[in-house]
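Chain naming follows the written order as A, B, C, D, E and F, and within any one chain the residues start at number 1.
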Amino acid sequence: MEKIAPAGLAEDFDLGKIGLVVEGTKDVRMVCAALDPTLKVVLGAASLGADMLVVHHTPLFTPVTRIVGTTARILKILLEHEINLFVMHTNFDHADGGINDAIADMLELSDRRRMSLGIIGDCHLSLTELIKRLGCGARVYGQVSGFQRVAVVGGSGFQPDLMEEACNLGADLFISSEMKHSTGRLAPLPCIEATHYALESVGMKAISEKMGWTFIDDPPESCLLI
Amino acid sequence: MEKIAPAGLAEDFDLGKIGLVVEGTKDVRMVCAALDPTLKVVLGAASLGADMLVVHHTPLFTPVTRIVGTTARILKILLEHEINLFVMHTNFDHADGGINDAIADMLELSDRRRMSLGIIGDCHLSLTELIKRLGCGARVYGQVSGFQRVAVVGGSGFQPDLMEEACNLGADLFISSEMKHSTGRLAPLPCIEATHYALESVGMKAISEKMGWTFIDDPPESCLLI
Amino acid sequence: MEKIAPAGLAEDFDLGKIGLVVEGTKDVRMVCAALDPTLKVVLGAASLGADMLVVHHTPLFTPVTRIVGTTARILKILLEHEINLFVMHTNFDHADGGINDAIADMLELSDRRRMSLGIIGDCHLSLTELIKRLGCGARVYGQVSGFQRVAVVGGSGFQPDLMEEACNLGADLFISSEMKHSTGRLAPLPCIEATHYALESVGMKAISEKMGWTFIDDPPESCLLI
Amino acid sequence: MEKIAPAGLAEDFDLGKIGLVVEGTKDVRMVCAALDPTLKVVLGAASLGADMLVVHHTPLFTPVTRIVGTTARILKILLEHEINLFVMHTNFDHADGGINDAIADMLELSDRRRMSLGIIGDCHLSLTELIKRLGCGARVYGQVSGFQRVAVVGGSGFQPDLMEEACNLGADLFISSEMKHSTGRLAPLPCIEATHYALESVGMKAISEKMGWTFIDDPPESCLLI
Amino acid sequence: MEKIAPAGLAEDFDLGKIGLVVEGTKDVRMVCAALDPTLKVVLGAASLGADMLVVHHTPLFTPVTRIVGTTARILKILLEHEINLFVMHTNFDHADGGINDAIADMLELSDRRRMSLGIIGDCHLSLTELIKRLGCGARVYGQVSGFQRVAVVGGSGFQPDLMEEACNLGADLFISSEMKHSTGRLAPLPCIEATHYALESVGMKAISEKMGWTFIDDPPESCLLI
Amino acid sequence: MEKIAPAGLAEDFDLGKIGLVVEGTKDVRMVCAALDPTLKVVLGAASLGADMLVVHHTPLFTPVTRIVGTTARILKILLEHEINLFVMHTNFDHADGGINDAIADMLELSDRRRMSLGIIGDCHLSLTELIKRLGCGARVYGQVSGFQRVAVVGGSGFQPDLMEEACNLGADLFISSEMKHSTGRLAPLPCIEATHYALESVGMKAISEKMGWTFIDDPPESCLLI
């Protein structure tokens, strides 16, 4: 696992929150993967006889002193079935072949360059095709009539310094999720706001295919109404 | 102004950031209002001969030691034209006749009750009509087949404790803006994510009509693509 | 449970660490109790078919972001058997009929008075009998030739301010556990250092008898060698 | 400007508080300088048609969330006239040819050596002449009958560690401003307390002459009465 | 002592730093007083056979973990001669008959009113006479041609909020010590900067006379040169 | 002294609390040593005419602003007799020939290896003989039937990470003092809890013999009762 997403690549706020987060059996044969360890996902992993579940988001990001509610139900299933829960978060964001490379592959970015977070590259898709690939519907900020060099950042990537960095690298479009009003007001380039799940699940799906893991898809139930 | 949005209603993080934020002329006759003091808005206020501009969001939320870039341009126009900038933020969110009352009016909520933030009430609009009223397109989370009691919260209101409170008060739909992935995963009821501007600008428009101020509309340029 | 150890009596550092700490079945019939939720204790509770285990010390005092090692094994057993884990800590120390009352009962203290923590009372036992009652062997600091008014504090009670308080209330002997060298040097009265388990387990045993719970004894394996 | 007072020489507490503090025109031809950007100074700069005003003390040392009172009046004049405000503070204290070199020049110090802050050198002036050069009157602490090696520190330089350093370097007189009672009590050598303005304005005057800037003098109105 | 300067009147930063600061004999007959416990003062107290020395400034304001240098020499003399060191600081500033009342007496202020710190009153002395009474020479800020209502604050009283308060109470002159350049620039009324010792020693002298203590005078060796 | 216990070896929490802690005469001829500077110890040092007292524990660990009670009595004797108080704490724990080497010598450990704190080595003593050497009676945790490789840590060494380190280095017994209940519950190997004094005084005794200092023994008055 260390090769896929070296722990040293993680941000400081992930300290103690990646790697083996729930300890199960020592004898790992069947591996599943998903973006989040939701109830549906862990039930699926259990029914598939998984010994390990690899996810992007830990269920214990905020340190806990109580195991109750949904957390208790999820941990019950994992511990009962001795399923190891393994988390790759910001270390997988930064890794070669990680979250952001998978987005870049999906959008066929060429001439890629790694930013401090995310990737920038040339995109030859039409806007219609690009939105179709994202698959979640999107909110577009600013004039996106034409674009060539596109920055993509999985997760909550609409940070002023990241957008600045993208501009300096020649980007004319910035794709990420969870835009804040105050940030959008000051955005220095056109932006496309997709969903967190649409952007990041492709990375878990891609690594699953590569490693022979079984990916369990569980997108939030959502749709756009205009 | 103290009657419209009493300073004592503001959250602690607004301390020193509401009320008179830029000092202009003592002689206030013509008043404009807007959601944000953008460059377009302050230019508009100046061209209208405004003596005061009332806004919801301060341009100086993060304390500054330098006046440069867009901030410098905005302050230049305000100071040059001696336009007072007056901020009503969380105090106007909580006020009677404030931001959340205006949203409730727009959605024709009846049998209203104030929550710790936002308002809950009965809504007899159809989903299609409700989305139309919001006017910004929206992302819907969960099954919104039917609803009766709707919670509305201007700004970034998708907070776990607020949603919990709404459930306890019988809500079957929660409307706010800026949903985070991790929060959406755990939402205890169906949600509609509108834009920050769509929800909050109605409050500034309503108070302007009531007070005889000139409202300057400046929505972010955005659209939904599916 | 709120009557036995009201949450409002807990120290600030116990915030979020008492009450229901691991959530199990809603249908509670059989209750066990112990001082610590050790592996031996939770296995015992499971084999007895317990629906709830009441303990003094939480296994999650330091907030966790990972469930591994002994913690994982303990939580596995609790969750698998749907055993609720209920913690009464400093709230039970302060409660009437709590930890310190049980110690006072064991040492037959009369004319009792509650201190800010612990209890002071008259003791008519001989030193030999007192040590026998404690049942763990003890280290005696200072001259304990005769004594009348004895202060008892369950847990790590050798705090300078508590010892000062005991002196002011006329104590001529102070009984607690986990004496530190620097504190012992400055102790203003003779002290008897028992074990944490010997002092506090009597409180859990006493409440179990009163409530009809099954107390599971699990003293640390230790002995004194001279 | 970077050559005159390299930003890297500034103390940590000046982070974000030096360099371009108020942004004006890009086209800088006429430059003024002063110690403080007082109302009198900025009015003077505006009437002289300045494009930039270089000062030692920022008007925004404490970060602000409101632009009111004197600050609003000063910023109004600067922004209205598009005068850039450029601050050189502790970076100019430490710079070659900076604040402390100018004091040393005024007192004709020879055989100079830079301290961690300030300069030490041989002084051949009489006490009377030295006081006359300072030009502000002065309070003398201790016996200043004769002296040879003099330490000078612009600003509030009566710090115990600086005075210690000066002693170790052989100083027999220490000149700075704003002596505190508790510090004076423990001063390890005779001291002369001049005014902050008298010591630091000479540095701004000297750099103005060198650079062809127009220095605007605005000493605080003060005098000594005995 | 509690009557002279009630501990409850002290500022928070004096917590643990007033009252009995060095413990000597229980049998107190001969009492000395001074502003600071300098080496000269404690030697004087010892030679006078003092059992207690009452001072305004503690020698242990910054908490210490080492007793060396001047501090060691002062403590040696105090402990050797069993002289109690008793500190009255901000509690004596605020007390009736305390530091600020003594200054007001010296300047013959009438119609007095207590400020949050310091006293304001009518003064009929000429400027020349006022300076003479202060006895230390003074630096005058602003135009002091005539004045009637004078605010006096012992210690470092040139605080913006205090000066504001004095203005609101009608003051046309503010007397204190240790003016900072940045504060002086914004002072809303004329100011006279005397020395800390000149202002505060009169309070210790006055209470000594009243209580029959022996006051030991030890002004810093200083003079003004123009 | 720097050779015996280099200051650079001390833990961060000892900053400013080791070395010369009370300053006495410059002329040091007669040196005493002890574990703690108790009243009995400093009186002994004074009666022996000591010029310096070397101890392991500073009397000023918590920074003080008042010199009262026992601290005042101890400092009085030291200052009166001009006895320098020199502290070697964690720097002496880590030093070659320091606290932990002395314990290892007492227990005849061979094939020694230094841990991050403490020493591990082979021990050929019987349990009975080992307890006898410790000389203070001891509480034994776990099964100590046989042992070979023993870790010793002076002071409060029962830290989870230290015990883990000892296990990894092959230890089958861990000797230190001041075991906490929660730590003992999770101890990964058998432990012997001796007294702080018994373990650490041997180090001060050993260095005294080596350096020709007079060691003053002052064990806490304590005994075990079973």
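Here is the rule we use: contacts are C-beta pairs under 8 Å (C-beta built on N, C-alpha and C of every residue); 3 or more make two chains touch, one makes a residue touch a chain.
All values derive from a computational prediction rather than experimental measurement.
Go through the assembly and pull out the chains touching chain B as well as chain E.
D
With centres defined by CA atoms only, which chain is the most remote from chain C?
Checked the centroid distances; the maximum from chain C is D.
Of all the other chains, whose mean CA position lies farthest from chain F?
Following the centroid criterion, the farthest chain would be B.
Rounding to the nearest 5 degrees, give the angle of the rotation that lays the CA atoms of chain D over those of chain F.
Angle of rotation between the two copies: 120 degrees.
Quick one: chain A and chain E, Cα centre-to-centre, how many Å?
The separation of the two C-alpha centroids amounts to 65 Å.
Which whole number of Å gives the spacing of the CA centres of chain B and chain C?
53
Distance-wise, how many Å sit between the C-alpha centres of chain C and chain F, to the nearest whole number?
31
Where does chain B touch two or more other chains at once, residue-wise?
61 - these are the residues of chain B that touch more than one other chain.
Viewed as a graph of touching chains, is the assembly arranged as a line, ring, star, complete set, or other?
Drawn as a graph, the chains make one closed cycle, so a ring.
What is the sequence of chains around the ring when one begins at chain B and proceeds first to chain D?
The cyclic sequence of chains is B, D, E, F, C, A, beginning at chain B and stepping to chain D.
In their complex, what parts of chain C are in touch with chain F?
36, 38, 57, 61, 70, 127-128, 131, 137-143, 156, 177-182, 184-186, 195-197, 220-226
Give the list of chain D residues in touch with chain B in this complex.
Against chain B, the touching part of chain D is residues 16-17, 20-23, 58, 60-61, 63-69, 72, 75-76, 79-80, 82.
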